[in-house]
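What follows is a pair of complexes built around subunit A, which joins subunit B in one and subunit C in the other.
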Partner chain A sequence: MANLSAGFVAQLLVYGIFLGTTYAAMAVSFGLIYSTTRTFHLAHSITYALSAYVMVKVVAAGAPVIVGALVGLVAAMLFGLALEYVIYRPLRVRGVKTAGIFLASLGVVVAGQALLQIIFGPYPLAIPRVPLHSIQWGPVAVSNMQLISLGVLLVSMVALWVFVNKSKTGHSITALRTNPDLASGVGIPVARIRGLVFALGSAIAAVVAFFDAGVYQANPNMGLAPVLFGFVGVFLGGVGSLFGAALGGFILGFVIVMSGLFAAQGLGIIISFLVMIAVLIFKPDGLISERSS
Partner chain B sequence: MGENIHNGGQGQDPKDSGTVGERAVSRREFIRLAGLAGATLTLAGGLGGILAACGNEPTTATTAATAGSTTTAVTVGGTTTSVAAGGYKTLNDLFGPGGPEAGQGISWKHGLNTAVTGTSAPIGDHQTAGVKVAIKAIADAGGPNIELFINDHKGGDVNSSVNGVRRLITQEGIQTLTTSWSGCSIALFPLLEENKLMTYWSGGANPAVINAPYVWSTMEFFAIGPCPGSLAYLAKTYPNAKRLALIGASDAGVDALDKVAPEVWPQVSSGGTIVATEKVDPGTTNFQAIVARVKASKPDVIWTNVYGQSQGFCIKAVRLAGIAAPMMHIDFDVTAVPETAGSTLDQDNFYACDAYEVENPNPFNKIFAEQHRAMFNADSEYFSANTYESTMILWTCMRRVLASGTTNITGEALQKAMLDPSADHWSLFGGTADKPGVMTFSADHTVSKPMGIFKLSQQGVGEKLATIYGNSTKIDPA
Partner chain C sequence: MNLSYIFDTIVQILFLVCLAASLNVLMGYAGQFSMATAAFYGVGAYTYTFISSEAGAISLVGDRIIGPGWPFFPSLLVAIAASMVVGVIISWPAARRVKGDYIILLTLAFQYVVQQAAMTMGKITGGPQGLPVEPISVGSFVARNPSRGIVPVAVATAVIVAVSWLLGKWGFGRLLRGIRDDEEVVQSLGKGTILPKSIAFAVSAGLAGSIGAVAVAYLMFVAPQTYSIDLAILVAACVALGGPGRTVGVVVAAVILGAIVPILTNLGMSGTESAPWQYVIFGAILILGIRFRPGGFIPEGRKRGRKRKIAEEPDSAVEVTGPESKPVAKSQG
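Coming up: the complex of A and B.
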């Protein structure tokens, strides 16, 4: 066990908050799409990676970093929309059920990763000119980008929650999530709302991808792990609740890091999944059920 | 000459099956989908690879100048070649003339087991390049016509490796193989022995290669070989350093963390201690918890065998956490790591290995570097150098078999030729402006190669700082 100094605990706490927030955002992005459309959108990982690559290329071409980020965000939204209109909707119309749509999404993942490697090459690419430096607060060190990501992701998630819960369109999303047939019956444009949630979920993923590729690198496989953690976070926190998804994702990331207090990193993931299993045993609907949310 | 790629013998595509009602997903369905998602990770993801090489100072070639002649007869590995005045300019100067005795007219099928996809694809790309350059160079020098068959082990996946190589053997009929990575290469041993397939382990070799039938390491053991010398260098360069932290991959080279470093560090550092040992799975990109634990241990120096792209994430995470301790590495992907680590690479990072220097004036290396540039319009680097070298070893052995009077080049004959008539082979590493480096094989299928300590920076491998030797704490000047 590592020396449990105050500095060590504080450093882990800070890292846990950062990773937890990242996974919370991914859970929200995945959960919004899943809970509204019932699409197990594993191809979300390709949206994630593609947006990162677009950001890399735009900035490398000379554009300011913020412009590259915005272009990548738009690219992600468009790609998410394209997946819904080109792949998922035609399958749904033909009566393909959840598992079949999942397999189609899986196919997009496998083909997408290969295609990304063919197009952009096998070598990782970082977003250039991202200002990055370490900030020391006593025994705790953080990077400027970690702080910025914390703020941006929190604002993004809050903005999404406000939109879904307070706006008319957001209420349509809620209606579609809770009762698709009735939503259609009362005139809610189901197809358009589905497209909207894909676009919004993809946008959140692109924000996470920006900080990933900005601090580290873009590579064809970068999206799979974040999406899977997001998926687990959704079920841990509660399907149907954006707040629940965020909570589930945050707990997952936080536990992974905080387990470093007493265990090697590899065990952190095991511990976090044990926590998830324990929660699901006692609360099968997740921490926050749709009813309570 | 051609290139064929096999996708590691993967099974059939999943078929759409079953129906699930349009409703909230049940726990059973969640578990089923989670299992499918887990299979996705295995199918679509790849995890890191391994490399290694280092060695003791090799025996040198003998040289005899014929009085009054304009050529010099040089013997390396029992093969005497005549070198024109002015030194080694061509491969024929090194390996001998082309023609039937060099295998001209022979069509040969050679396999390469590497990472074409996955997170370690950059390494596989370099390794493939090395073989391609060698194949063309050998043909141009009057050697055999070698056709390359590539299997994608996706960065170390055992199933992909075994199934794919089996297909290369049974369906493509490969006659020799270059393999890389650790576990997925070890998994091939029974298959290689069964088929008597001469195999060059040119990446991630570990002690499993000792006396393994038909498998020869062309690099020193990953992490274990350079560990003592690199620790000795740290102790000598930072004499006040007593607290050593270890960060390493949990697969290959783990003995360096568990056995070698704990034994060597107290000796070379005059009573130093190991204050942290953290292991990560291959392909790890999140080092936050590990870095926090290492930081809490207050190390003076850090030794790591994290490899592949993970290395860049590790270096960056360590430096962003405010840990300034010098770091010693034993692996370095010149493309992936600088891209990820960025300027944090400039902060006291060292590299212990047979670090490849593209500008090494070693004549063999000069030839290789020019050939690589001509073919790919890019500088050669470490991984391509190793597979180029191993392909040249194959050609050397083929020549030796032909010189023995037979055209039946079998696995047994090639294996015998590794040591007969000499265990020495030309190397791209070490050497001087006048003479190539030499690598020396042992009867137990291991090798000794020139090795050093190098400075790392965002520009890549820099100045050579010292010479070290495999499994030794001896340090000599650069």
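Coming up: the complex of A and C.
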């Protein structure tokens, strides 16, 4: 049983907020793609890992950290687009259903992880020269990168939300998401919108990957767990609502951390998944039901 | 290359064949996409390990694993039962929701949780270092090496594949296919769909769990790294590429995919070198396979908007389905 001092609880709360925000961002990035294109895009994990490796290599070659981050961001967007155009679209055109597209995505994951290992080596690599300081707030210790990630991710999610809900293109995304059959009938460039959401979703994943590789390390399998947590967040919060996805992801991350109050380390994930299964049994549409068209 | 190595290689392939046959019941007949096969495999394995370990057996890290120490067959039965129970539990939410995406997530999450549990709950599972396991022993026959072990594994494979195949032939298989193709029609015919789906999950899990127990008994070792999402993907690929519902196709696919590593190894690439390339090739096969030979996943999409009727497109070479009793010979790709 953990030490329940106020300081420990406060530390967990703070860490829970950070992890929750990270998973919220992953849920939004995956959820945007999934809800709009109905693609179970597990290969998103390769986008994540690839962007991290690009950042590592660019910064290691001498570029400033921020430049490396931006290059990785662009790489992620291009890769996400490539997956849509090269893998998913040809399958969809031929009438392959969800399960088949998912299997193709799995193929990308399997081959991708192996290729990353072949190209970049099996040993973890960190983004060099990332400034890491610890800041002390009373009993709670936070790192500067945690604070920066919190800010950047929140801004990214809000920006995306504003874009989707307030801009004309954003409305096209919503239209495609809520009524795919009608969308092309009213003149929405479906193919282009699909590409756009893949690019945007991949971009957000790259931001998360930057902090992951910057604070920790990049390794070939790094993308699987974040994307998996993203999935869970989306289904928890209800497909079709970006805010729901963010909420679901946040709750997931928060619960995983806070369960450390009364359970051993690895059990947090197990507990949170069981919670997810329970929620899905009783509230199959997620915590926030899909907005009807 | 000696006989022992050949036998061992064959055995590894047979494990994959069994897993593919088990998933075929769920994915091929019932159309339920499950990523949980490796988890069921693991549940069977660890249950057998626990039940068969003699009192006071010590794991490799020194934790004492206290089990009842039952002999092979009773332990195997308990392992099968445990897997089936777990399968039913998973099916409970899954059977109530028709939507495929939900089941993907559920089974994927379950798979991840099981592997995590095996890794972290060292007191019961021995953690990442694994546990030694009692070998297969029937009467005076104890299998402690591949030459002896291949016999019970081959027998188990034959039984599992036969069960999987027979299930497709009997009425239950038709019912599952009906559910897969058009659940509403089946429901309108007055047949409940939740129970058959739960049974399908239970059977699939039981088959996977049974070979899980046999596998660790053959290896005399169990470790959580085996029961990974990668394995679940491999098994799903075997079923998808072999043509869901076609037992022969699934077995062939498992043999081919299972042979990739040994072939690569014997072409001269060392173990560590060949490992990632094996996955690259496998991933490429999967992508290309879905792209050019989507097998059972295509028909509904091709007839976009039209529900696929039970009488159309039987999925084995000769099969009588639906109200029209005409056998249709169909050769696929």
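Everything that follows uses one rule, which is that the second predicted complex is superposed on the first by the 291 of 293 C-alpha atoms of A that agree within 3 Å, B and C clash if a C-alpha of one lies under 4 Å from a C-alpha of the other, contacts with A are read in each partner's own complex, and residues count from 1 in each chain.
The rule is short, and it goes like this: a residue touches a chain if its C-beta (ideal position, glycine included) is under 8 Å from a C-beta of that chain, and two chains touch if they have at least 3 such contacts.
Quantities reported herein were computed from a predicted structural model and do not represent experimental measurements.
Engineer: Once the structures are superposed on A, label A:257 by its partner contacts, choosing first (subunit B), second (subunit C), both or neither.
Structural biologist: first
Engineer: Could you say whether A:190 touches subunit B, subunit C, both of them, or neither, answering first, second, both or neither?
Structural biologist: neither
Engineer: Should A:216 be classified as contacting the first partner (subunit B), the second (subunit C), both, or neither?
Structural biologist: The answer is first: A:216 touches subunit B but not subunit C.
Engineer: Using the superposition on chain A described above, determine whether A:70 touches subunit B (first), subunit C (second), both, or neither.
Structural biologist: A:70 sits against neither subunit B nor subunit C.
Engineer: Regarding the shared-chain residue A:81, is it in contact with subunit B (first), subunit C (second), both, or neither?
Structural biologist: A:81: touches no partner chain.
Engineer: Who does A:94 touch here: subunit B (first), subunit C (second), both, or neither?
Structural biologist: second
Engineer: Which chain makes contact with more of the residues of subunit A, subunit B or else subunit C?
Structural biologist: Result: the larger residue contact count on subunit A belongs to B.
Engineer: Would you sort A:276 into first (subunit B), second (subunit C), both or neither based on which partner it touches?
Structural biologist: second
Engineer: Under the stated touch criterion, which partner chain does A:136 make contact with: subunit B (first), subunit C (second), both, or neither?
Structural biologist: first
Engineer: Would you sort A:115 into first (subunit B), second (subunit C), both or neither based on which partner it touches?
Structural biologist: second
Engineer: Taking the contacts subunit A makes with subunit B in one complex and with subunit C in the other, which residues are shared?
Structural biologist: Residues 38, 40, 96-100, 102-104, 106-107, 109-110, 113-114, 117, 224, 228, 231-232, 235, 264-266, 280, 284 of subunit A touch both subunit B and subunit C.
Engineer: Under the definition above, what is the set of subunit B residues touching subunit A in their complex?
Structural biologist: Touch list, subunit B to subunit A: 13-22, 24-25, 27, 29-30, 32-34, 36-37, 40-41, 43-46, 117-119, 121-122, 124-125, 250, 276, 278-281, 284-293, 295-297, 309, 312-313, 316, 319-322, 335-336, 339-340, 342.
Engineer: Flag every residue of subunit C that touches subunit A in the complex, lowest number first.
Structural biologist: Of all residues in subunit C, those touching subunit A are 33, 92-93, 96-97, 100-102, 104-106, 108-110, 112-113, 116-117, 119-120, 229-230, 233, 236-237, 240, 275-280, 282-287, 289-291, 294, 297-298, 300-302, 304.
Engineer: Would you pull the subunit A residues touching subunit B in the complex into a rising list?
Structural biologist: Of all residues in subunit A, those touching subunit B are 2-3, 5, 7-8, 11-12, 15, 18-19, 38, 40, 42, 96-100, 102-104, 106-107, 109-110, 113-114, 117, 122-126, 132, 134, 136, 141-143, 180, 215-217, 219, 221, 224-225, 228, 231-232, 235, 239-240, 256-260, 264-266, 268, 280, 284.
Engineer: Taking the touch rule as given, give the residues of subunit A at its contact with subunit C in the complex, in rising order.
Structural biologist: So the residues of subunit A touching subunit C come out as 38, 40, 87, 90-91, 94-104, 106-115, 117-118, 224, 228, 231-232, 235, 264-267, 269-270, 273-274, 276-277, 280-281, 284.
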